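Next up: some structures, all given as structure tokens.
Here chain A shows up in two complexes: once beside chain B, once beside chain C.
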Partner chain A sequence: MPKQALPERFFIGSILLAFVMLVLATVGIKSQILENAQFLILLPSLLLVIWMGVKTGRLEIFTNRLRKYATGWLIAALTSAMVWSFAQKGTQLALPILKDLRKVWNTFEPFALFATAVFILFCLVLLVIGTRDSDLERPGYIESSLVNNLSSKIAAVPMAFTAFGIFIMATLWTVYHSFTNSRLLPKSELIGFGQYERLWSSDRWYVSIENLAIFGVGSLVFSLTIGFMLAALLDQKTRFENTFRTIFLYPFALSFIITGLIWQWILNPDHGVQKVVRSLGFDNFVFNPLYNADIVIYGVLIAALWQGTGFIMCLMLAGLRGIDQEIWMAARVDGIPMWKTYLRIVIPMMRPVFITTLVIISAGIIKVYDLIVAQTSGGPGLASEVPAKYVFDYMFGHQNLAQGFAGSTMMLVSVLIVLIPLAYLGFGRRKHG
Partner chain B sequence: MADSADVHSLDGPRGPKPRKKLSRRNIILYGTLFVVAVYYLIPLYVMLVTSVKGMPEIRMGNIFSLPLEITFEPWVKAWSQACTGLNCDGLSRGFWNSVKITVPSVVISIAIASINGYALANWRFKGANLFFTVLIFGAFIPYQIMLYPLVIILRDLGLYTKLPGLIMIHSIFGMPILTLLFRNYFTSIPEELFKAARVDGAGFWGIYFRVMMPMSLPIFVVAIILQVTGIWNDFLFGVIYTKPANYPMTVQLNNIVNSVQGVKEYNVNMAATLLTGLVPLAVYFISGKLFVRGIAAGAVKG
Partner chain C sequence: MNSIEIKKLSLNFDEVVVLKDLDLTIEKGEFLVLLGASGCGKSTLLNCIAGLLDVTDGQIFINGKNVTWHEPAQRGIGMVFQSYALYPQMSVKGNLSFGLKNAGLPKEEIEKRVKHASEMLQIESLLERKPAALSGGQRQRVAIGRALVRDVEVFLFDEPLSNLDAKLRTELRVEIKRLHQKLDNTMIYVTHDQIEAMTLADRIAVMRDGLILQLDDPKTIYNAPANKYVAGFIGSPGMKFLKGTILQNDKPIFKLEGGWSESPDLSNYKFQESIKTETQVWLGIRPESVVVGGEAKNMPVNFSLEVEVVEPMGADTLVWSQIGGQEFRFIIDGNISVNVGDRVTVGFDPAHVSIFDFDNEERL
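Showing the complex of A and B:
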């Protein structure tokens, strides 16, 4: 069996390799070479198929148990050939309707050509292998990859496309181009770490990082403590629990833009809290966080906490509800005060919930952008800049793409630094429990 | 309305057999909750009150005071005349854009994610876990790193700055969390049901449409709630992947309120803010417990 599977594995492997080349060519790295190389790699697969067919010595199409699958792949090949033909000038002249979507067809042209070639290969290989193995009970490698559970695999195509074609490829593309000197348009010549040196010598980036650190620590500490305390208060068999929960959670349904605009208004020094307190007689009262560069980030923090704490409370409440009620009985019997039960027993038991919450909060912190735009627009001056806004401004405002790419790569790195240990903690826990 | 319900809770404990020893505890408990609830409600109250005051009253008075006379002019103005710096036809344009973006995005993303979740839960194939891990990982990668490549992809497809392009983006970025949601739900359905359907001869699609979908209406509702609020509230994708004529409501709201030219009309701004918030708030208050269940299930289970 392993001996037989070897050429089959080689076949699948070379098709995967060719596909990777196609993707790289589409992304724009050394496009011409890779575009040609993908078909060069497909050639040995074709030879392999022919060799396998010759070795089998017969091609009984009508008794082949894989016949209907081969037909399926042939139809798929014809479909993609049709898409390819839509991109050709002649077809477009003949069928003018196609012209409206010209750009779409042109984008899919290389993929369609490749798919046609690969599907025809699949069809051939099914015929060959099916004939060869027709007296075997056990499915071979190709059979299990191309035939078994096929609907499920086809249904998963959008997911695979999103996961690899978009998430992974887009990330790699950006990381690669952060090492270039792209300005208005992306260029592919590498220049080394120049963009990163510029990034780390920029004052604006330092302000952004500092703000993110204050904002991050603040929202972690406060939303975890406030969220947990509110959840604990609601977990005392409290009456009107639903009313309170509805009130605490409604800001979470509102967008960051709305949150930012409301708090911009409440914290407005000429009309908001400051004026109200002054009109009560405290003439020297000063509370204008949004116009004071030193504390502006705390003004944003207030708004963020108002918006998000209800959600943390809900997570904590779900965690508290998952705790065995007997714990409380046991603690009461032993005469342990309630706060101590929470601190020593309940919180350690809720470790997985805390880890999940921590991951959710940290992922949210690094992405914070809308709130700043709505509430302060980064001001006064640059005092409330955050990395996400830095990246956005350089990519879409200052026509300095590579600088934006470098900034976003740093954001990715920091997410990885935070997430990998947490994921490890989370998964490590699951293995034991 | 909610306030009056809370005031009753301060009348005293009315639970079964209130013990005297607990009453002080209850005062502290409900007192704290009441104060926090008031804090949470203040911004909504301020927004509402400001949006029905006239400008002179706002300049003179106190943002927390009730309006002396109620006027709905700011609401009308916010809906049909407010200026964004480019055009002056108010939020109505953004509202319809948002509707045109939200409805197809919700339908497409839920259709794809539910089928993916079903394939992952019931028809596992080799490598499925790898796909899934990468997909979930994608939910945590900062969007900023994928913004520009997606601009290129959309431009190549000729969809950049058009609504279908933005719909595609929302469907892509909605996929990780929705797939997780559906996968977890389908895994919790007893496997015997699936096996019975298999024995009866149903295939991949047959089981999905005849067994799984009818059984999982609640999770579909939860997914719809999540997506409607998420897409309606989106700002980043709207501002990048559309042009001013196609801006969704949130982007237009920000442009109206933060536009530098002209006299600031705070009442119109607050009316516009409330108008934009009405849809997610309505979804939230109507769906009630399902909203809570949705976000809790989507987050804790992972």
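Showing the complex of A and C:
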């Protein structure tokens, strides 16, 4: 079975790679070496798939079952395309009967457009890479994942529409419009990389990125370590464990706006920590991170940690509880000190939990916005700006959609660069384990 | 010299008393099996010996040293767990050597011990594999190896074969026995499987509710169980008990409750002490000590009864019947054919039965 599945995977992998290259090229990161590398991988993998087909005497693409399914998807796509075309003005003018139904057709238009795209995609995937395991007459990797259990796949179609619409179409739309000169309303004339040039020459964007980097590294490192330490402490058969867990988790129930506001007050020199310490008699005590441009982002970091660590702790605690007590006993009999047991045995066993946590934290880092708005509004000056706030401000504050889109495209690219290998590491290896 | 000595050991979990005033002495090189149903405290006792549980009261000596408050690693023990408890991210070699490395042993010494243990357990070819790539039996071998490399006097086994299938269990059981003969270490082995206990043990301690009911060699436990619980627990199929009274005239006679034409003469049964007349008792007969047909005629007690249910088991056939309204069962050779409704002659020797007091269920 793996005989056929392996080149298929290789082929899909190279297509994905090509797509990433394309995205990189679109946003202006071009490199001859990368393109050559991409070509060098894509071509042999394509040849490999074709060679597999030729070697087994027939191109498996044209087996009956496959053709049947592909035809089905094509018909579905055509139907949707027809629905879409009926919604167009030209069609309605040509066929006057349709005029009365214009409203209905117009309602269906976006759905039909989605449907066409999804069905064509399914069909293409089936035809291009839906090869089969020729020796065993067994469906290949892609075909089986697309065609087997068809009813559940049909049930998933609404979800596929939504996902496709939001994650692909909206993304593509955004990326496209980042190459335009859209101001308040989207325009579709392309102007090239102007918006990106402006983006990368803006101080505000650089500050945002720097802040995101500090915030990101800080919250990743501290919420993982503090969260794990708290979980490890709570796992020592602590009395009142439930109470502690609730207390630690409590901030997570608050919205970022509230958290931001609370910490704005706590860190305010006239009301918060500084005031309290000064009124204890330390008259020269200074602690006002939110008013110091150099360290303001750390003030935000504290608030974010206060809110998020409890949740990380709960995830870690669940992970710790999943570890067999006999492992601990064995380590004790072996005379391994507790910290070493954690470090060398328990943490490696908690790999899946760590990866889940990592993904959750990373997503939280990238999208941090409301905390900043509530706590500092990006100030003092521009000192605590973050990319999400940059995008939002340009889109809705400065009436410069395209600039905002350029920023969000950059964010998307960085997320893809970080998350795709991570997800591959975390979930890909499972199957072999 | 005693290898392990337990004095007045008690353990409470809050209000619940798990072990109470338990005394146990194990000689050097002895293979002791702690046997009992689940919840009887046998694993708890083992964990106390290993130092994984803090005792409430009492003392534990290993090799003459009071180790009651020592850490498990300092007690000179190695332990094998039911779920193997291997470190999943390390190779077999890593599993074997991790504790030793941690104890700061020189590299050559670790190499030597790992080699020795893996040869002994025939896992040399698996050394580079991760536990996930091993079968259950192999994993348990590695777990035993991890105890072996510690080079200790005492081995503790906590139901090591319970997670294995029946065939592997018998294989590994023999291997543990061989290991014991080769190493001559003290071993304490917890199990709920009476066959494992009988085959492995030098002595068996049958436990119930945190108490040791009987501590004896397997033969004594089987032939002369100290009370009704032990008698019923050991042996498969289990002993059957008949309710009745003993009438002591010139010789002791068993009278079955519910009426029976026979009244077996028990004069060649070895009573612990002289017995009063009209004592209510349980008469326990092992299914395998009952004989049928021609042989039965030669037995001191013989009678005939009607077959009700037949359970063929291959080598033997288990036959269910009734005497005076009480259930009775016995084993006959698998080659003898019996049918439901047949009348067969059976007999037994009173020297081989067990008689227990009706009220306190102690052996009489």
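Methods note: the second predicted complex is superposed on the first by the 275 of 433 C-alpha atoms of A that agree within 3 Å, B and C clash if a C-alpha of one lies under 4 Å from a C-alpha of the other, contacts with A are read in each partner's own complex, and residues count from 1 in each chain.
Throughout what follows, contacts are C-beta pairs under 8 Å (C-beta built on N, C-alpha and C of every residue); 3 or more make two chains touch, one makes a residue touch a chain.
The structure displayed is predicted, hence computed values, not measured ones.
Contacts of A:349 after superposition: chain C is touched, whereas chain B is not reached.
Of the two partner chains placed by the overlay, only chain C lies in contact with A:332; chain B stays clear of it.
Once the two structures are overlaid, the count of chain A residues touched is higher for B than for its counterpart among chain B and chain C. Looking at the shared chain after the overlay, A:201 reaches neither chain B nor chain C. Contact with chain C, but none with chain B, is seen for A:340 once the two complexes are overlaid on the shared chain. Once the two complexes are overlaid on the shared chain, A:284 sits clear of chain B and of chain C alike.
Once the two complexes are laid over each other on the shared chain, residue contacts for A:244 go to chain B alone; chain C is not touched.
When the shared chain is aligned, chain B comes close enough to touch A:373, but chain C does not. The interface of chain A with chain B does not overlap its interface with chain C at any residue.
Against chain B, the residues of chain A that register as touching in their complex are 27, 101-104, 106-107, 144-145, 148-149, 151-153, 155-156, 158-160, 162-164, 166-171, 173-175, 186, 230, 233-234, 236-240, 242-258, 261-266, 271-272, 275-276, 279, 306, 310-311, 314-315, 318-319, 353, 356-357, 359-360, 363, 366-367, 369-370, 373-374, 377, 388, 391-392, 395-396, 401, 404-405, 407-409, 411-412, 415, 419. The residues of chain B lying in touch with chain A in their complex are 2, 5-6, 9, 14-15, 29-30, 32-33, 36-37, 39-44, 46-47, 50, 58-59, 62-64, 112, 115-116, 118-120, 123-126, 128, 131-132, 134-135, 137-150, 152-153, 156-158, 172, 175, 179, 203-205, 229, 232-236, 240, 250, 253-254, 257-258, 266, 269-270, 273, 276-277, 280-281, 283-285, 288-289, 291-292, 295-296, 299-300, 302. Partner chain C is touched in their complex by these residues of chain A: 324, 326-327, 329-337, 340, 344-345, 348-349, 433.
Chain contact summary for the complex, chain C toward chain A: residues 47, 50-52, 71-74, 77-79, 81-89, 98-99, 102-103, 132, 143, 146-147, 150.
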